[in-house]
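Each chain carries a letter (A, B, C and D) given by its place in the written order, and its residues are counted from 1.
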Amino acid sequence: TLVNAETSEDAPKETFKVGFAENTYTGDWRACEVADIEEKAKEYGYELVMTNADLDIEKQIGDVEDLIAQDCDLIVIVPVDAEAIAPAFEACKEAGIPVIDMDTEYTSGVFGEDFITTIRSDQYEQGKAAGKWVVDTYGTEDSVTVLEITGTMGQSDAQNRHNGFADYVADYDNVEVITQSGDWSATTAQNVVQNVAQTSEFDVVYSHGGDMIPGIILGLKQAGLKPTEDVGVITVDSPFQVLDSIKDGETTAAITCTPRGGDTLFSCIDSYRTGEELEETYLVPMNTITSDNVDEVYDSEGY
Amino acid sequence: MGKINVKTTAKLGHKLAKNSTLIGVLVVVLIGCLINGRVFLSIDNIANVGRQATIRGLLACGISLTIICGTIDLSISTLFPLCGLVCLYFSNYSVVLAFAMPLLVAGTIGTLNGLLITKGKLHPWIVTIAVQLGLNGVNLMLTQGNTYKPSNMSSALKSFGNFSVLKTIDIELICFVVLYVIMSRLVKSKPAFRSMYAVGASEESAVMMGVNVNKTKMLAHILCSLFAGITGILQVSSSGAGKVTSGSGYEMYAIAACVLGGIHLAGGRGKIIGAFWGAWILAFLNNIFNMQQYVNPIWYQVVVGLLVIIVVFAQALSNKMHAGFKKETTRI
Amino acid sequence: MHADGYLLEMDHIKKSFPGVKALDDVQLKVKPGEIHALMGENGAGKSTLIKILTGVYKASAGVIKIEGKEVNINNVQQAQQAGISAVFQELNMIPYLSVAENIFLGTYPINSGKNIMWKKMEKEAQALLDDIGLDIEAGAQLGTLGTATQQMVSIARAVSRNCKILVLDEPTSSLDSNEVQQLFKIMRRLKNKNIGIIFISHRLNEVYEICENVTVLRDGKYIGSWRISEIGNEELVTSMVGRKVENEKTVRGKTTFDEDYLLEVKDLACFPKVKKVTFGVHKGEILGLTGLLGSGRSETAQLIFGCNLLQNGKIVYKGKEIQKQTPRKAISMGMAFCTENRREEGIIPDMSIRDNIVLSSLKRLSKKGVVRNKERDEVVKRYIDRLKIKTPSEEKRIRLLSGGNQQKVILARWLATEPDLIILDEPTRGIDVGAKQEIEKLVREFVKQGISIIYISSEISELVRNCDRVVVLSDGCATGELVGDEISEDNILAMIAAGSASKGGENVAEKN
Amino acid sequence: MWQKKIDIVKIARKYGAVIFFFLLFLFNCVTTTNFIRINTIQNLFIQSFPILLISFGMTLVIATANIDISVGSGMALAAMIFALTISAGLHPVLAFLITLIVGGFFGWICGVLVAKYDIQSMIVTMAMMYILRGIAKGMYGGSTVMFKNDFLSTLSYYRIGDVIPVHVVIMLIIFAILWFVVEKTRYGTYVEAVGNNPKAAGISGVSVSGILISVYVISALLAVIAGVEQGIMVMQADSSNIGLTKEFDAIAATVVGGTPMSGGKANLTGALFAALLLQLINMMVNMNNIYYALAYIIKAILIIAAVLINTYIGQK
């Protein structure tokens, strides 16, 4: 059963106000998502109020409260954290405002009670896909050393991408992982690659984010290693810079998912308003891009 | 006639300037009303803002003690998530442990900070920056970076976290207000607390006046950490989940709350309750930003930064005016 | 009562700091109901001895006995418990707290619930203040009061304790004669209660007036103890300085001057302290500026030097009117200003003596911003020698010097700028007899070289000895002027009294 | 004899960070494989470049008994402006000058607010930290700016005589200038005097507000250079991550380097080695593949050890 929305009782308002509690505005992926949501809201004719939590869970809970205070008819939450966001969802439930959970899964929520649907790309699955790519490419026999360069550990994105990868390769004894933090920063990633290359040999670098790729590639080159040729490079996330670098043959593969969820989101809201049943989850498709298929992706949507 | 007029204005100016915090609150409320008065002044909204002020406000209460005492504690931003984790972990076993263990951990860290600063004679900034780093490491190690959710969370803790009066004033807000009232009273009436002002103003003088400087500083540090402990407990008891990175940057917020509340970073000046209002000012600034629709949220930080500058600038001007008025009044 | 009847015995006290032996086998013995003077040159170790007694420092060797029993004093609290109470040389109070709180800090009156009793505290403090004749409110913030008043408050604090031994380390240095008398009255009263008092002062007349016995230190060594009635002025000075010092005599310079003023101030005003000050300084004269405490002398000097903004009036220097005076401008035009508040406005505590001396003259001692070290070191050496600043090395931080030596360093700083006009605000405060004479001699030497001096002092005898002219201020207005042979203690006192009386009358009129 | 002993103490106090740096360096020579290589040394200097520069600025600011926590954000803004101006086709030198001017302007604002309006530096620079980071993020919609410039990419990897990275040269030049200014000119004395007793300094003819403003401008300019270097190294500017929390590293380096937080002393040599020390710790972590969580703890312990040694050698 769906949450009983106020709109169905009252006379329909002229505009339907959608609150969007974004977790951060920065990073290519998010910037693309924000732009897409804004554009699509106009297209579908919704009034949109967005807030920016800057990756601060406490602030996000406050943001949602502020959205409730502004009488939003529906609130979309992109949780900074899958668990700690609970008070925000509860506040919405209490205020009788329907919620759509986006991107990060609200793990303790119940479909139909706490949220009307989930639209997300699965970070954990992305990590797994990266692990799978490593195993598929390097086999299960010869030993493989992976240098995993993480985002800022403790943040959901980094954590999920790490866990997915680790869980997948755990079954393969030939894969050894060196994990060091790149803090999402290209220069830190570059430093890490240089320093590790001084002491250890590795066959593939696994990066948690596209933003770190330029640093990683420069770091490899400086250490006298040719990216892709000597050392494979795989990353989650595929902004244009990564696609370019795949074209140049420097990044070997990228696990992607599109940040353009606006269409799905607003058509869901349309359906919700007309009273159609929504599914529990709408997964945004995930893709592995290599030099073979890079051109298609590049031309079609870029992400 | 004219004289009376001057006197009353002077008096008003004096009042305002003496409470530069008040100026801050006034400025913020004014901006809020201009942006969206109807929603801004509603009870619900004010209660929300109060709740949002809680976490930082409680941290600010602790840190204000250290600042008044002439030291500082920057480690709270990783200590309070740690205390949250500890609380959740022990809530699997018993609610008493869930409250006691985080406070124990906090007290230990506070003692460690205090000892390094008083006996080790190290500068508080460097000690607590290092402890902050170290505790971040501990947090990551304990959770492997993941969000921690207890499998068998004590229901007593849960209901504590979800307690509220009239569905608007919840437990965090209550603790926020009550703890500030208690602390203000203690600082006003207990010699050991009151001595913090002397120590913060001049350690050398305090020594010569027979104040036990080390003891006073230890007290400030332990209390500050305990506040971080309480904050951690409050945070996790409502959300039921502990997160390692949940405190990053909070020490700066807490310090900002203190400064906005008229507590001087050089020590020895300002009132604890100032930090309370400072936290409200910061929460209001965030609220105001979310209420407006003119500026794209990506500019959030810029606007908040500018607002902070406007507030402190207004305070600085009022202080200057205060100095001016003082001359006027004594002349009459 | 025990055998010798001594209340306090300090014996074989030793203390050294890196590079200095501050105390070497010193003794001090005080009987109950006795006021005991502790004397010696700047840096002789008086304050150090006091700090050992009060638990601020720990002696490297020696014994302290109180009422015949050996006591261990490791910190200030223990000293307080042993019945020792002190006023330290440098003001050690908390400016942001109220007067009452400053008085009771460390021993707040508490009720059964261990809470501070604010009302009681304020009432007691007020009673105490009234008792010693201080006309301030106990609730006032200490920092807003003048130095002298703060000094009196710290005395009130020390007196408020039920102590056996009261230590006063140069309490009179920032007090005027009325307040000194006030203090003496309190001291006599305590003496009658059988309290032993240790009194440090560089003013011989005070010592002769109030003390019974005197102990002299020199270079950290014990020289001797005498009954004050048995030792003459000259002998005492000789024992302190270690050589014969000529008698002070009045050396009056000229009595006639050119018409032109080097500096002329007209109707200076900066409320509330300065209301209408007009006077002029000729080239090569010493102009004394005096008045009651708080009459606005220091504020006038601050205005001339640009520390405060002028609200009315004008300053003409070398024939040009100065607009928007700042210290930087003043220095570049050849003015110098030695402030009265050494610790807050004088020393840069953690910098070396060398840097403190050259701070104001660095511009002259550097070329395109680069400091010429050789020249600088020469200047530093010259002034250390000239003012006989006592220090193991010029690298020593000024904070670690004795009070008097700090004052000399500040003087050196201003002399090093080679000024045409020096404003000296209480330059001999806390300076020993020998050094005082040297400074006075120096001042006269400078005048001979054509430098003009504005000499502010509360010690009228000092003005009488040195000044060519004296201007009297009262309540922010210049009310009188004495020239040449008119300058005598009686005349000055009479003029001050007249000024304050008339002003007092005006105030009454204003109020009505 | 006595005199000589004091000198040793003084040297130890002044160069405690240097001693600790070499201790840790030696430790690594023994324990870390492949540590003793020219590559390692080069990497150490290149990687510590940004921290080094902002630590110099921080040292000056802290010497005046103030603080500047806006430097990290200043780096991000500088990198963004530089990247955008380069992308717009401007000559690198011109782009760099523009960046310097903008960065210096914000430093000037901080200085004015602190000096003329007597607002506590902590709150001013904290507000500035938000503002600068916010502008950096907002000016390009939160996305990363990529840019290309052959001259810059060759420059950033250029090794003089195939050995010495340009970073080292730039850093040494800046260090030499600042060291000279602080130790040899009257400016250094003024900075310390202002940090120690601003009131007395003002009466003694030091332009207190001038000095305060100047240290903030210097700090901001150094942050600009650091930020631009970060951008050039990877040919992209990422507004949300460049310089993030670097102000804390700079504060740590300054204090470990022997400049007291209470001001009144500026120890640039100490800051230099302390910054190298901090980066050395990072390298040690990477090269020995120390678990990232443990790395934080090790770093914390080493920082405290460094200041403890510093304090105790100093007191002996």
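By definition in this document, contacts are C-beta pairs under 8 Å (C-beta built on N, C-alpha and C of every residue); 3 or more make two chains touch, one makes a residue touch a chain.
Which protein is which chain? UniProt says B, D = ABC transporter permease; C = Sugar ABC transporter ATP-binding protein.
Since the model is a prediction, treat every value here as computed from it, not as a measurement.
Of the two chain pairs examined here, C-D and B-D, it is B-D that is joined by more C-beta pairs in contact.
Each chain gets a centre from the mean of its Cα atoms; for chain A and chain C, those two points are 71 Å apart.
Centroids of chain C and chain D (each the mean of its C-alpha atoms) stand 44 Å apart. Averaging Cα coordinates per chain places chain B and chain D 29 Å apart. In whole angstrom, the spacing between the mean C-alpha positions of chain A and chain D is 34. Chain contacts: chain A has residues 25-26, 34, 153 touching two or more partner chains. Annotation for chain B: residues touching 2 or more other chains are 139-140, 145, 298, 300-301. Residue numbers of chain D whose C-beta contacts span two or more other chains: 137, 141-142, 291-293, 295. By the definition of touch given earlier, these chain pairs are in contact: A-B, A-D, B-C, B-D, C-D. If you check the complex, the residues on chain B that touch chain D are 116, 120-127, 129-134, 136-141, 144-145, 252, 255-256, 259-260, 264-265, 296, 298-306, 308-309, 312-313, 315-317, 319-320. Contact residues on chain B toward chain A in their complex (touch as defined above): 39, 42, 44-45, 48, 51-52, 55-56, 139-140, 143, 145-147, 149, 167, 235, 238-246, 248-249, 283, 286-287, 290-291, 293, 297-298, 300-301.
Residues 54, 56, 76-77, 79-80, 86, 88, 92-97, 101, 105-108, 110, 114-116, 118, 271-272 of chain C are the ones that touch chain B when the two sit in their complex. Within the complex formed with chain B, the chain D residues making contact are 69, 113, 117-120, 122-124, 126-131, 133-135, 137-138, 141-142, 248, 251-252, 255-256, 260-262, 291-301, 303-304, 307-308, 311, 315. Taken together, the chain D residues at the contact with chain C in this complex read 2, 6, 184-187, 189-190, 192-193, 196-197, 199-207, 264-265.
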